[in-house]
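Labels run A, B and C following the written order; every chain starts at residue 1.
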Amino acid sequence: MKNRIKLVGLVLVCLLVLPLLLACAKAPSATPAATEKVITVGYLNDLSGAISCCGIADQVGLKNYLQYIQDEKRIPGVKFDVVSWDDRYDVSRVAAGYRYLLDKGVNLIVTMAVHQSETMRPMAVADKMLILGYNTSELNIADPIWCFTQQPLTENANASFFNWVTQNWDYQKTGRKPVVAEINWDNSMGKAGAKGAEAYCKSLPDKLDWKGTIVVPPGTMDFSQPALQLNQWGCDYVFSTMVNGPTTNLMKEKNARGYKFQVCTGGWGFVCFKQSKDVGGKDIDGLYWISAEGWHTDGTAGLKLADTICRRYNSASDIEKLGYLENICYNFGLVFGMEVEFLVKGAISAGLDPTNSEVLRGQATKMKIDPQGLYPPMTWSNAKGSGVDKLRMYQIKLVNGVPEPALITDWFDVTKYKK
Amino acid sequence: MAMIPGDFSQSYERDIAIFRTKTQWVVMVIGLAIMLTFPLFMSNYWLSLFNFIFVTVIAVLGLHLVTGLCGQISLGQSALMCVGAYTVGVLSVKFGISVWACLPLAGLVTGLIGMIFGAPALRVKEFYLAMSTLAAQFIIVWVVSHLEEWTGGQLGMYVPPATIGGFSSASPSNLFYIGFILTIVMIAVAKNIQRTRVGRAFIAIRDNDIAAEVMGINLFRYKLLAFFIGCFFAGIAGWMWAMYLQNINPSQFTLKESLWMLGMVIVGGMGSTTGAVMGAVFVRGLDMIADYASAWAGTVFPTIGEQAFTAFSLIIFGLVIVIFLIYEPRGLYHRWELFKASYRLHPYAY
Amino acid sequence: MEKSDNVKLKIENISLRFGGVQALSGVSLDLREREILGVIGPNGAGKTSLINSISGFYRPQEGDIYFEGKKITRLAPDKIAELGISRTFQQIELYTGLTALDNLMAARHVRMHTNFLDGAIFLGRAQREEVQHRRVVEDIIDLLEIEGIRKKVVGALPYGQRKRVELGRALALEPKLLLLDEPMAGMNAEEKEDMARFILDVYDEKNIPIILIEHDMGVVMDICDRLVVLEFGRKIAEGTPDEIKMNQQVVKAYLGGD
């Protein structure tokens, strides 16, 4: 008995002392060959939490593309290294993760969601550390900009959907305006979405019959009441500023009750087609989906490249099991890789040090890359830092049971309706 | 009353001291001095982990006073940290009050708000009180996210760092010193309250509220006081949190965090200050080890992939805590006491 | 007040009902400054209810209770404790998680004056107060001979010792009136003898009146100055032990039954 007590005690003490010992040990530094420059890319995202289906595929895409740059010698004399931090979709872990990555000597950080880049922003500004994210917020792109993103402000996606509605609604035949509304979880993404929808719809009172937004607590999964409300309003179109889980449930609810309204959501929310399909089954058929211009244009070189890279660096079973090819986040990862390639190439050709984050940021403000149809050609608006400002709309169709986004509208310049 | 001169009173003073021998004092002072040197050689990552631990320890100490000592279950500690964090945010950004001056204000405002949510404790106990403090968790976060004029709503707000001259809390090593001092002070305060009149009244209420009342303790006043003090701690933790992240957002203060804090109090051993500190350090430490273990496993078994281990480590992490609750429900502190005793008595038991 | 000086506690005609149960009906009694008053009666007679009414834990529907001439009938239990009425419980009600010493210190609550700020700082006022009150408590520990279990958590102590700690806690409040609800219940003869001795010591040393509920007639007759007999919530007799022994009604109702 006494020995057991001692043993457990010793184990506990060791557990407590271990971090201290680890702390004292200096992190082993990689020693590159003299001629080679190593760019260390930090990757901070959710790898085991609520949006890990996205984070993991994204990380694999990034790693694959950086490996591809190396193998194809697209930037001679440069090697890439990726250091990851799993924030488990927990904001409190982002700050520690940021410090962790900096300690590992990263030259820039790739991340995904707004809250992640927002949390890192004050530290990034102080440390002059470049951050590449997927989507952004107004707070994030205020000067000085250190967080550059692929997607524009969430507000804009909603506006572009309602713009599509006004362009495609048959006012003559129906003899009335389309009835529209928005629904969101009560969080920062939802707030931004509601703001964009409301501003746009209210600016066109003779074109849209705006009913308002339905705000539900974050985490809500039961949409029986909200769907009933939307139906009672007589909605024709509803924008859902929520991630895929709740949106799928809203679709299920509406289909089960035979409600007529159509649902659209944003690319930043509904990215894990495979997961959505697993959860929603055929209910996601017909869902509208907004993303940046150029996504999944049929049969482009970009999609072929994505397919090639994915098959080259991943085993068939992994592709099958983790569904990289069906997961758009994998492609986001590739685009992050392309962005890194653009920044580093630009720095080297300008004769600057590509391991200097400030130099990379300078390049980011000039960013103009063509991801060969995998993604739209992107330009960074220096003033806004909001990334692409052109969006396209797709409708999800199940092709042989596999969800495929089909392009249904040309690009829409979201900056137009703003003064 | 018989007065006993000199040495007798000396011995009572020593008897009630936290550290009763010189050796204990020396060990503690050396330990603290070593900790103060951490910023000299530790990386920013480790310092920021310590800063996070400081935040947690202060908040958990507050919960320890409310739940561990006074026996009033609170499921809203994280939301009360939110009050503290936003007190600094709003007062410093909107009213231009010095961030330093916001430190006590954050404690006071949070303490007062905590008292409002603790008031049902007069009428309800245990499960029902848990439900009403759960309401605090939701109401506070809801209100903060809807006072957009002041708080920026769901979009959150940036909080300026605390500065004096060239010293700024934005650097992890400076924040480490601030957090270190705050934590030591708050531990001492918690311990002192526990071992004096008010703390004994709290424990009396926890152990037997009927007897406590008949022995002259005003239940309502002391339950409210427990909430005030516990939430004061949450407010201080909220200030530290705002300094740690510099960016506050209502979604940072989740029910999950509140539940974890309760878990830390339990793992550490209900009712012991040292236990509460141990619980917080242990759970956060385990979290850290999980990160390292999965990164290491990822390099050793690259084919399986780092992600698999990260997910796995969460399971192990949960398992450790469950095992703990089954085999040592009295907490880490009790285990530590047994451990000390077994060495003290070795090899002869007396 | 014109009430006789040597009456410490005056109970006037109190009645207490729980739904249909009449726990006390029209009970009156006077307690003098220097006496141990025994309250006897069969189970369910209302003895505990009487004590609970005095300590404010139960609210009689009718009648009044005066302590040192002050009406205490509507006061909250903690206020009554502050006035100096202290008690033990039939079923032990200790603070199980605290040590014996801290149980006694906790009862010093009403005699201490530091607030939580003094406590938080500790050095100075709180420390001085702790030491000062520790002395008082140590005297009680000596008196009750519980030095050996001072630092033991009371939840783990044997029954007899817990009873003694509870008496200690009641004393630590520095009462002006002590209410003891069956302090010897469940004890063996030797323990009972010790407890009886402690009660007499307390009575002598602290100079306070005591109300004692006890079933053991031998003990009651020995140590009480006066007895009150309850039956079905009614006072059926009052007098010195010798008078009670002679009282036919009591013998029939109670003593005879035993």
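Couple of notes before you dig in:
One rule holds in what follows: a contact is a pair of C-beta atoms (placed from the backbone, for glycine too) under 8 Å apart; a residue touches a chain by one contact, two chains touch by 3 or more.
For clarity, every value in this text was computed on a predicted model and none was experimentally measured.
In terms of Cα centroid distance from the overall Cα mean, chain B ranks first. In this assembly, A is the chain whose CA centroid lies farthest from the centroid of subunit C. Centre-to-centre spacing of subunit A and subunit C amounts to 71 Å, using the average Cα coordinate of each chain.
The distance from the centre of subunit B to the centre of subunit C, each centre being the mean of the chain's C-alpha atoms, comes to 40 Å. For this pair, subunit A with subunit B, the centres built from the Cα atoms lie 35 Å apart.
Remark: subunit B residues 1-2, 4, 9, 12-13, 15-16, 188-189, 192-193, 195-201, 203-204, 206-208, 210-219, 225, 229, 271 touch subunit C in the complex. Taken in their complex, subunit A has these residues touching subunit B: 2, 5-6, 8-10, 12-13, 15-16, 18-19, 22-24, 27, 47-48, 52, 56, 59, 84-86, 88, 91-92, 94-96, 98-100, 102-103, 115, 118-119, 121-123, 126, 137-139, 186-188, 190-192, 217-218. For subunit C in complex with subunit B, the residues that touch the partner chain are 55-57, 76-78, 81-82, 86-87, 89, 93-98, 102, 105-110, 112, 114-116, 118-122, 126-127, 129-131, 134-136, 138-139, 169, 173.
Contact residues on subunit B toward subunit A in their complex (touch as defined above): 38, 41-49, 52, 138, 142, 145, 152-156, 158, 170, 172, 244-247, 249, 251-252, 257, 281-282, 285-286, 288-289, 291-292, 294, 306-307, 310-311, 314, 328, 332, 335-336, 338-339, 342-343.
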